[in-house]
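Labels run A, B, C and D following the written order; every chain starts at residue 1.
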Amino acid sequence: MYRVGLIGVGHIGAVHARNIARHPALTLAASYSRSPARREAFAAEHGGRASHCLDDILQASDIDAVMIASSTDSHSELLQRAARSGKPVFCEKPIDLSLAEARRAVAAVQDCGARVMMGFNRRYEESHAAVRTRVASGALGRLQIVQLTSRGPSRLAGVEYLRTSGGFFRDKGVHFFDLARFITGDEVEEVSAMGAALVHPEVRELGDFDTAIISLRMRGGVLCQIDNSRTASYGYDERIEAFGADGWVESCRQPAVAVRHAVGTELAAGPFPQNIYERIGGSYYRCIEGFADFLARPDTPAPTIEDGYAAQCIAEAAVLSAREGRSVRIDELETG
Amino acid sequence: MYRVGLIGVGHIGAVHARNIARHPALTLAASYSRSPARREAFAAEHGGRASHCLDDILQASDIDAVMIASSTDSHSELLQRAARSGKPVFCEKPIDLSLAEARRAVAAVQDCGARVMMGFNRRYEESHAAVRTRVASGALGRLQIVQLTSRGPSRLAGVEYLRTSGGFFRDKGVHFFDLARFITGDEVEEVSAMGAALVHPEVRELGDFDTAIISLRMRGGVLCQIDNSRTASYGYDERIEAFGADGWVESCRQPAVAVRHAVGTELAAGPFPQNIYERIGGSYYRCIEGFADFLARPDTPAPTIEDGYAAQCIAEAAVLSAREGRSVRIDELETG
Amino acid sequence: MYRVGLIGVGHIGAVHARNIARHPALTLAASYSRSPARREAFAAEHGGRASHCLDDILQASDIDAVMIASSTDSHSELLQRAARSGKPVFCEKPIDLSLAEARRAVAAVQDCGARVMMGFNRRYEESHAAVRTRVASGALGRLQIVQLTSRGPSRLAGVEYLRTSGGFFRDKGVHFFDLARFITGDEVEEVSAMGAALVHPEVRELGDFDTAIISLRMRGGVLCQIDNSRTASYGYDERIEAFGADGWVESCRQPAVAVRHAVGTELAAGPFPQNIYERIGGSYYRCIEGFADFLARPDTPAPTIEDGYAAQCIAEAAVLSAREGRSVRIDELETG
Amino acid sequence: MYRVGLIGVGHIGAVHARNIARHPALTLAASYSRSPARREAFAAEHGGRASHCLDDILQASDIDAVMIASSTDSHSELLQRAARSGKPVFCEKPIDLSLAEARRAVAAVQDCGARVMMGFNRRYEESHAAVRTRVASGALGRLQIVQLTSRGPSRLAGVEYLRTSGGFFRDKGVHFFDLARFITGDEVEEVSAMGAALVHPEVRELGDFDTAIISLRMRGGVLCQIDNSRTASYGYDERIEAFGADGWVESCRQPAVAVRHAVGTELAAGPFPQNIYERIGGSYYRCIEGFADFLARPDTPAPTIEDGYAAQCIAEAAVLSAREGRSVRIDELETG
């Protein structure tokens, strides 16, 4: 049984706490929030002790692993402190909204030789993972094109969230930049992005996009297309397809319930999942399963901090590409 | 090039004439109707001569094959005359609404050694034929269950048609009784049928059914279910599935157009085909192709007059079963 | 919080215990098995105390509800004892394999005025429930045909289970007899069944069926078709469709994972769920949710003991129909 | 009845000739090829006279309309001569592989006030047209993203064809550049393209691409993604989806036959159409229907020569973008 210490008791912290409770090899031993009231309430609901300081988790002998689910601006510092503690770490993306700061965190983690798993849960979505498995099996032959679509959910996030999200490419796009690397098993060489604010005036006022398309060229030649919309009237719509010289595979858009009916003369299937959790909710549990495996066996494949950094580099390149109307090579950033 | 003489210039005669025109090995040489005006108009539209009497087709040296598409009550006599002519014959189902009369026609055809193909076009529907092919290949292993669904079209046929149709089992059911034999490659042993007039008062007044379910037990043990409705609000809905110990195959209900769209939060595919021709229209041409093959090669498999008679026997058994509330064995009829 | 006392600690008892643990308003307070070792082990895993006798559950002041998940032959006696205790009861189907004994249990429960919910979990399957909701809404207009298909899972149950199951109609069929009543909201009037042992020699040796089709006529005229196979090579395949004068609705066969891929030139979706839990596993939890609602609000609709008895009557009629080759009216049994 | 004179008797000429024969308002009156043998053979098969010179079509009083289906390098000159003849013209795409030459043809046609319809048959594909209809209806609200996928067929065209095709963007891409304009009802502002030769060495040797992705920004803000592959192992795979603030619509990939079956534990639908004609063959006839309407009513919407030119401009921009690794604005070309 691995005893997990959780830093951050917000929405995603609670999702992880519930999945830890379901997992036979994990237990939530402690949780920390700067707010005494919130950490006490969280501990009362999810079990374990309410830690009064970070070191009650980072330095505690009865904590086997650290989970960072706090606000984005604290990730980098916490990653560095946790890395120095010698405990294995699970960290929510992103590392930091500043690429320079993210680079410092990566370097610190590498210096300590710390084991860090980034919380790219979509890699653990059963249907997405099946796409990767099929591509990796070679069944598709020479991979040619990967498409990643994510639109929705039905409601726009609040303006406060949007303001601190780092923008559409860094916030939403980054999941699919990671998936493009994961599905192809390759690195991005070149990024070309277009964004627009077509639907939500509040997004436009922030100078951000609600609609975006991105083209990626991988080093090995595969071409990837990503399309994202912050909202979709009909629900949460996510799909991936991979196409190669010998075959094709898709993680499909799929109704939330296995029902079809006639609507007038049409055949309706549905309804669509209305939020992210209905579509990919299972991936959060499987991601925690992946973390338990990561704790148990050092050679377990899991998204690394370098993966986190790579996805953020692609996001930066997308931001630059959309601004300057040109393809941006990833090595422009890395040498910068 | 086979020169076809057509008897009967109604709706189905015109369907066949158009398909004969499309077929490279067939030509419509003559057509006959009792009405001089109708046969002249038909010949003007479809080509070939308007025959003023049956013998201008049956005895003509420039006619290679006879097609009977006249009204049901003339089929038996025409079959017998055409059989005596020595020409190969294509005949629309049924042989006759009276089973005794149908038996006489079969005997006459057998006496002459005439080659007769019954127009069971659904055997030629591409998706239905694929079910038969898969069953026959052995890929399904021991066949267990066959289901045949046919509901629709959206509009009820006119009362005049209903009155002379012979009733729901003899009119609509008979196609699926034939398909049950075709798909399984076996003979029916036992029939159990239930019928109801749930939707159309005019059907009820005729003492007929608009809704029916039929269970068949084949000699080899396979169990078949048929369900039929005279109408379906959403269109023409026909599907077949076959299930065996090693697999499963379905000729699916399928939208008429390959379009999907969101309707509110639902995923709609459609619309449904609105009439029989949209769903199985292609089978009429493939059936004519089958006739051309039947003319060219004596060993071409095609629905025989015995197939026509067998399907009608099942319809009689269904009528009896629904009336008496019991299973009816086919051999009760045949010894009768 | 309702404190549940569980009688029976086998496979289905464990399923319920896990779902009780997930439910915020229920807690497992005690569990009983005749075997001291098994009840201790169960309590250690699932919580609550290991009761050393039935009265430690039935008469305990700290138990709010009784759940019967013991072997079938004990249901009737336990139902009667639990009913007398005055506590609300959840009971696994069937009431008893003997219809006469089941009738006694129903009478005893009715005498006590006890509240009993039968564990017909398929009523709680989200997609099946959606069919009922749509039918009940009137959107389908005059209901005409209901089809219920259930084939699978991939492996045959052990011979020991088959021997005590009461036969295919009483064991598997009964779920769909209940669903036919649930979906139509009507009572069965007439039953016509055919069964066969086509695939499994061990089933044939028991004089049982592995393949069956059943036709039902409801009092209000709706016609139902059920088809069942004990196994399906490709997995667990369950679907329901309801067809009415104004529309159609289906709880579909659906792949277990939202993936499609090309196999040669074909488009494959899948794979199929391999066992019952993958297809309808969620219904067990929703059924427990239904039980919590049933405890909280006396007017909560839930399957009653009378529903349990009605489904068993249809099973008896199916047995009789298959044996005698005739339609059996339900009132033949009830007057018997 | 409109009498059509056909110039060019190759593959596509024969497709059109067969569709003209099926159409009740059109007749093939003459056909011309430089080769006397080929034009005689063509006339023998398809009817009409074999014209010995172009003027026997362009200047003939018994020809109502001219159809240009000759080799690409002759289109521009023929368009100009046909335009001067005063007859309405149907012309296969492209106008010319040289944009400057194409511009001359457009100007000449405009000078004459000639009526020209370009053969963009995909606009007439039933499912693609349904996407346009739905977008135009406003049901999708503010349009955000359009995706156009076309991969296949299973076999690569011959090297000789590839050599004269003008390259992947001009040859295959141009159909989807036209569809992007057609679906959105808007003009392209900016093009960003990536191409690769990943699969076919013979394509790489020609300096051409077999795989490409293109991003378009429309003037009104809509973002379009196109992905193309010269071949697809599983068949011909074409789909379009349009996504807007209020809805979504797709012209789907769809099996060629309405059959599903279990393959092991998977549910297979298929097979895929193996060539372009199986997927969009119907569009060639509907396009000819469109031409008949265009002849009958001057205000019939149809793809114009300006549409042909616009699509070619996008292709040129794609070529430039892929070469220079930057977004190319369409007005760079037009001012060029």
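Definition applied: contacts are C-beta pairs under 8 Å (C-beta built on N, C-alpha and C of every residue); 3 or more make two chains touch, one makes a residue touch a chain.
Everything numeric here is computed off the predicted structure, so don't read it as measured data.
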item: Count of contact steps on the shortest path from chain B to chain C; value: 1
item: Between A-B and A-D, the pair with more C-beta contacts; value: A-D
item: Most distant chain from chain B by Cα centroid; value: A
item: Where chain A and chain D are represented by their mean Cα positions, the distance between them in whole Å; value: 41
item: CA centroid of chain A to CA centroid of chain B, Å; value: 58
item: Multi-chain contact sites of chain B, meaning residues that touch two or more partners; value: 233-234, 247-248, 253, 262-263, 269
item: In the complex with chain B, residue positions of chain C that touch it; value: 141-142, 144-145, 147, 149, 151, 190, 192, 194, 196, 198-199, 210-213, 215, 217, 221-225, 227, 229, 231-234, 237, 243, 245-248, 325-327
item: Touching residues (chain side chain D, partner chain C) in the complex; value: 154, 233-235, 253, 255, 262-272, 274
item: Complex contacts: residues of chain D adjacent to chain B; value: 126-127, 130-131, 134, 139, 247-254, 257-263, 269
